[in-house]
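Notes for the one structure printed next.
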């Protein structure tokens, strides 16, 4: 599945920025363990840090307890720390960020005090006018203790709250100012609020379990806590959960939406369903389209684990070429693997992925992967297949070529590092050592989704839904 | 693959006891990082503790450096600790053991001094006369600092060494006394020795890379260090690697062998090949046999990840029923997952495994798993499939029913806990909530291997190659 | 010495709130290791958390690197983390705070971004109008991520900076608003600023070493880095250190000062000299005054380690009664000692302090301690002396009785917990089981200092230099 | 006190090898927490590793639970680990050893199984024929898993146990073979045994608390657990504690004893009393003798903390020169202090020890220290005093000059590193920069003890009670 994408292992990776999870148990039960389970299910969306903040809606003035730190969910939390998080309302976050000495400050949920008490905020996405807004705030005396754009959002909510009657209105007012991608979960002392930017770049879903309402990045997190999927939060919608139930404000919704297509191709878990589209089905369909567009005479279709497998099944189904398993992935080689200096001959790719020689020996192989970023990983895998005896390797990619950077919450690198930006498909095929190479046709992305939802495919086309900033949007923040 | 077997997650698991890896670099290069890579590839054979011991064959008197501790390979070793292990000869070990306060003493390799200097010993298997031998040793004044039978082996080697000219002869003499399952790697100051019990219960292979000789439990560890597979160590064979190359002593070899069949069914990695048989191929074949023996009219064949997948492919191939992926496994839920007390509704199985509803909804499903121990896990998975909309679930198990305990290096529990020991297949089928249930026919195990090798199937048949001890063989050791 | 005061061990303790250290090396050398040494010397002022923030005045835009965490200096910092703190200007902090789940957020130095770049702030003291100021700020849209009053100071500096030409002027403007005790060290990208509240409650000294300027809470920290003592920062003074040297602004200085007398009695290290008065000498003098005021016929004078020793020497010198060592303190019993549940008979005081029976047996003992808070510790020590054979125990306290709480940076508890607030001296003497009891006369405190400096003795007299707040000043912050 | 001796800080140190503590609670209460408290009190005797092993005399076959690791008592044990150590009989150990990768194996108590069940052994001292005995054992097939001589003792006990009726007789037989210094505490399933070598090099005392019997290296450990001192174990005596009480075997006692004089001078805590002599009193007496032998006209007498303080008091008392405190020691600078690379000007001695300038300025100072090993530390301290304004510094050492190595449990280095071995007293005085220098007269050591006990002063005289081995006794063990 996506969370263990091979390319991840090889520092030739793409990263989602975050996952969010919120819950309000109207029966007053503690919710920290549910958040903990939910974050496990969202771990693939961010593996650098995580956190949980909870509050007791019946307690004194909404005191917030929180645990946050660098590391995976099973590294940061202990049974004792979960037990210590008492409260019937809470929010959790998993985060991917660039490494660095001071990143502990940047862990989320952001917990703060403002004029109306406490606020906890969990954010998935990326603003494009954060730097500009931050400078504006600084010119009115604001101080910043993190380098995340979420703090800019929090400031706007706090300031707007002075002008309006309730926190959900403050969130709406803030949404008029912030631009870019954001799926937010906000906990105020007695309310849980979910909001999604008008373009709907990042997913956000609503679930229910008994008398608990849940907000989460993906439906797989609802499954993990045995909750029912209710519906997606609409692009532009604000939902407010109180003890009286759930209220929706759709006044910010707009006709044009721009859901991230790469959530389907790679980021999301295959068992999630977002905006009415099953991730798994979209990948199967991508494989089928590839088989129609780039058929080849071959003996076996294999997927690069884990995210290439579903597309490989689709390709197999459409083409009639048998599906096979060509790779064994070593799941013990985790995020923290460090190559010792001593090693001379060993390659980290070898311990992370091994080829089943019996499967590919003497075979013409169709190898399905979800994307090619720099190309280094793909080249090594093709070589491994050939060394194992594959007579031909036909590479099929279940997405169009990456040509443009993303400003809306993923870390697709700058143009010059994208192999497709600098080379033709034939050149890339040569560089990979593959016999043939085929990418998913950008025209057929809608067909892949099987739905006419508005989606963003700017990384393939350069057609950004909002004009991107001219300067590096993150660099200045961290100087 | 086997190392992440679902049942593992649910404490309804079977465990291999150990994995071993040894290397001697005749060019004098440091070998610790190669051992580290090799142990990563063998991690599925033991996840409780691990260790590396190295020596410099040109150094003073064979001083041994070692690092051992409880935990996974990536928890126990750091780049600094690997760097600190200087030596051109070394041995490593991964271990599964029952948890407990004092188990750090039981980590391997066992490093000791005896009359001829240093000795390091790594052992995979289980002796059946260890308690008896230990008592004999105690009656001559021996003291024991661990509760592992490997210390008994070490004592015998040390004592025999007084009588014979070299350590390999001492190993042979010791082998005349110890009974049971053992694949051993022994490092003496200037020699690396591999030995396999005459029945060959546990695997041991020889590899080569440039001027380095390697011994390892499985060939996947050779792949991890870019070594070539040379051959299996024969049951009963002792191989001695010195600066002059490799020497074999086959005088202990016997006609009758008893290779553990369960290595193929579940323990070993599918990309390993042992005693001439590909693990992957044997699993494909098991699936095919199941399809022949227990055909069913169904829409899709799915494997319980990871070890059920290959057999599912075989079943699909033989039956013509399409292969599908029905499960998403969360690989972030590791060995150390602890269920918080708070949790009421959440189930740990839910966060470890989720069903792809789109795949099974409205379908008649053939579900392939490798074994059923207590049955609790299988029952939950069948239920998850039905809850996801499967109209029928036909369970096929790629091994015969477990009926007898194992005394030779696995932890198949005692009779009364084995569901098949106490129930008929029909009863089990009912307990699982499955529509039909079929086990691999014990008569066709040889066919599965595609070879006439002598194998041990005592856990299915009760025909033990050596008469097992009457008493609990481990209990007394730890009182 | 004070940092190891026995009463500390027995949770019958008083705590200083913080220690601060700043340095600017005009030659451009890294300063983190000097701060590290300086914090070691100030560890007695705060043992809960610590931190260092540095900046490179020649680097890009004043990027700040920082390391902060809960724990002692030797627990938080490693050689690697010190090495990673590159910069020629920096500030450090040691902190005492009440324990709690979220205190990591409250560690200092506070590092933030504001309109002019970065700012790091280290604060020793306690504001009395922080809550009021915080509410004011919240009503203009401020958000708070900590519960320390230092964040309020930072906000005011940031806001004032918009109105004035430089950061030192902003600090001065902020000082017009904040009330209470504060010794501040502020690092802006190219300046190091020290400021002391107009009453001078907490100490702050200036040192110099080659081309480095240093600011520190106590002179012992200057000794630790081989720096020369230059002078004290005056109450109300702001000193600004730039590459051009040091500039002073004394426009906030006022006639009336209120230096904390308890710094001399207990908090500061005896080898420090503050505002012209040697801590050691003041303690010797306290002992002499006690001998004059409360003479007694006795055989030996002993001090309760460590802070009672100097006063005991003074008492001995004045009275002619020999000085002796009656106690052995176990310095391995640290901050983190936790009494196991099992223990029945053992007492933690016993392992922290033992009496030298040979010294006190059959003797009439004068026991000097620096203060009595709740009285529980003193009672146990008197009992230990009597159990060891002392025939009489005459307790002399080198401070007047505590009668009033402190609002200016120490944690003297509320009235009802102060033994002297609720009992006469005779009653206390009975409660301690002492033969006689004498406190330092509040009229002679000036004599103890040997100087006519203005000092605060409100904890003994209730004469607060500034009217204290009516409400609990810290409670509301943390609800 | 001795455990924090300044010279310790400066790697110019002497180290005791170990401390031991055992207890048997006849009422059946758990004893681990008492051992924990006792080890705290003995921490000064060994700071590298520690361990506790307990057993339940009513439990099944004497199962032993143990916790051992590198580190201080408060680092190795947690409330949970103490709670987990269930048993009414137990033994603990603190150890000093040379650092190294494999020292975890060498932690004590040594826990082992032998013919009669379990045995735990804690050892303070050093054998001189361990290497010879070890070779003998190896030639009968023994294997060794540690490099400590305690394992040799354990082997002998195990082997002798085969010949005799009980474990105490086996201990006695073993004592006939082992030579050197040893104070042993041995726990067999239902007995606690204490034994001291016939020369009595190392101390061992008996205590009692209610129905618990206690054995410990020093009486200060009895105080820590509120136990009464009963008596010393005699040199050569074996005491056996069972449920029926205590039994003594003095058949190994001999006329000639050789108690280590350096226990009194430096190693032991001043509040301990060993073999009838108070450590504190012996140090006071040493100071008096120094004042008689090396009088000087001076203004103040100061001790180098902590072990120099008592002798300084004695010197002051005898000479009439006032006693003063000249040093402030920073107790936060612990065993683990590591000097960062960055530091240029800072000196670790400066942060560990500071001089009280007010005390020594313009004064003629007598500085008392307990010993001089290499001289580097003493030289720095003299310099610090002079820099602080002392007009004269007269060094007095409360022991004779070190001239010979110790083979009996301390780590006095080899001749060539001992300043006194290579220089005259006048030369040393010059090297220290002192005005005069006087050592305690070796003839008056007995006077210091105030008792005619037989003591070992071989490090001063070269008169070894047992002929020392010709070869390096430890080197070969660890190659």
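For clarity, chains are labelled A, B, C and D in written order, and residue numbers in each chain start from 1.
Quick note on the criterion: a residue touches a chain if its C-beta (ideal position, glycine included) is under 8 Å from a C-beta of that chain, and two chains touch if they have at least 3 such contacts.
Here the structure is a predicted model, which is why all the values come from computation and not from measurement.
Colleague: Which chain has its C-alpha centre farthest away from the C-alpha centre of subunit A?
Modeller: D
Colleague: CA centre of subunit A versus CA centre of subunit C: separation in Å?
Modeller: Result: the chain centres lie 48 Å from each other.
Colleague: When the C-alpha atoms of subunit B and subunit C are each averaged to a single point, how far apart are the two points in Å?
Modeller: The answer is 60 Å.
Colleague: Distance-wise, how many Å sit between the C-alpha centres of subunit C and subunit D, to the nearest whole number?
Modeller: Here the centre of subunit D sits 36 Å away from the centre of subunit C.
Colleague: Got the subunit A residues that touch at least 2 other chains?
Modeller: Subunit A, residues with two or more chain partners: not present.
Colleague: Between which chains does touch occur?
Modeller: Pairwise, the chains that meet the contact rule are A-B, A-C, B-D, C-D.
Colleague: Spell out the residues on subunit D that touch subunit B in their complex, using ranges where they run on.
Modeller: 60-67, 84, 101-102, 105, 110-115, 119, 135, 138-145, 147, 151, 154-155, 158-159, 162, 479
Colleague: Subunit A touches which residues of subunit B in the complex?
Modeller: 1, 3-4, 29-30, 32-34, 36-37, 40-41, 43-44, 72-74, 78-79, 82-83, 209-210, 220, 223-226, 269-271, 278, 280-281, 309-310, 313, 317, 322-325, 328-334, 336-347, 350-351, 354-359
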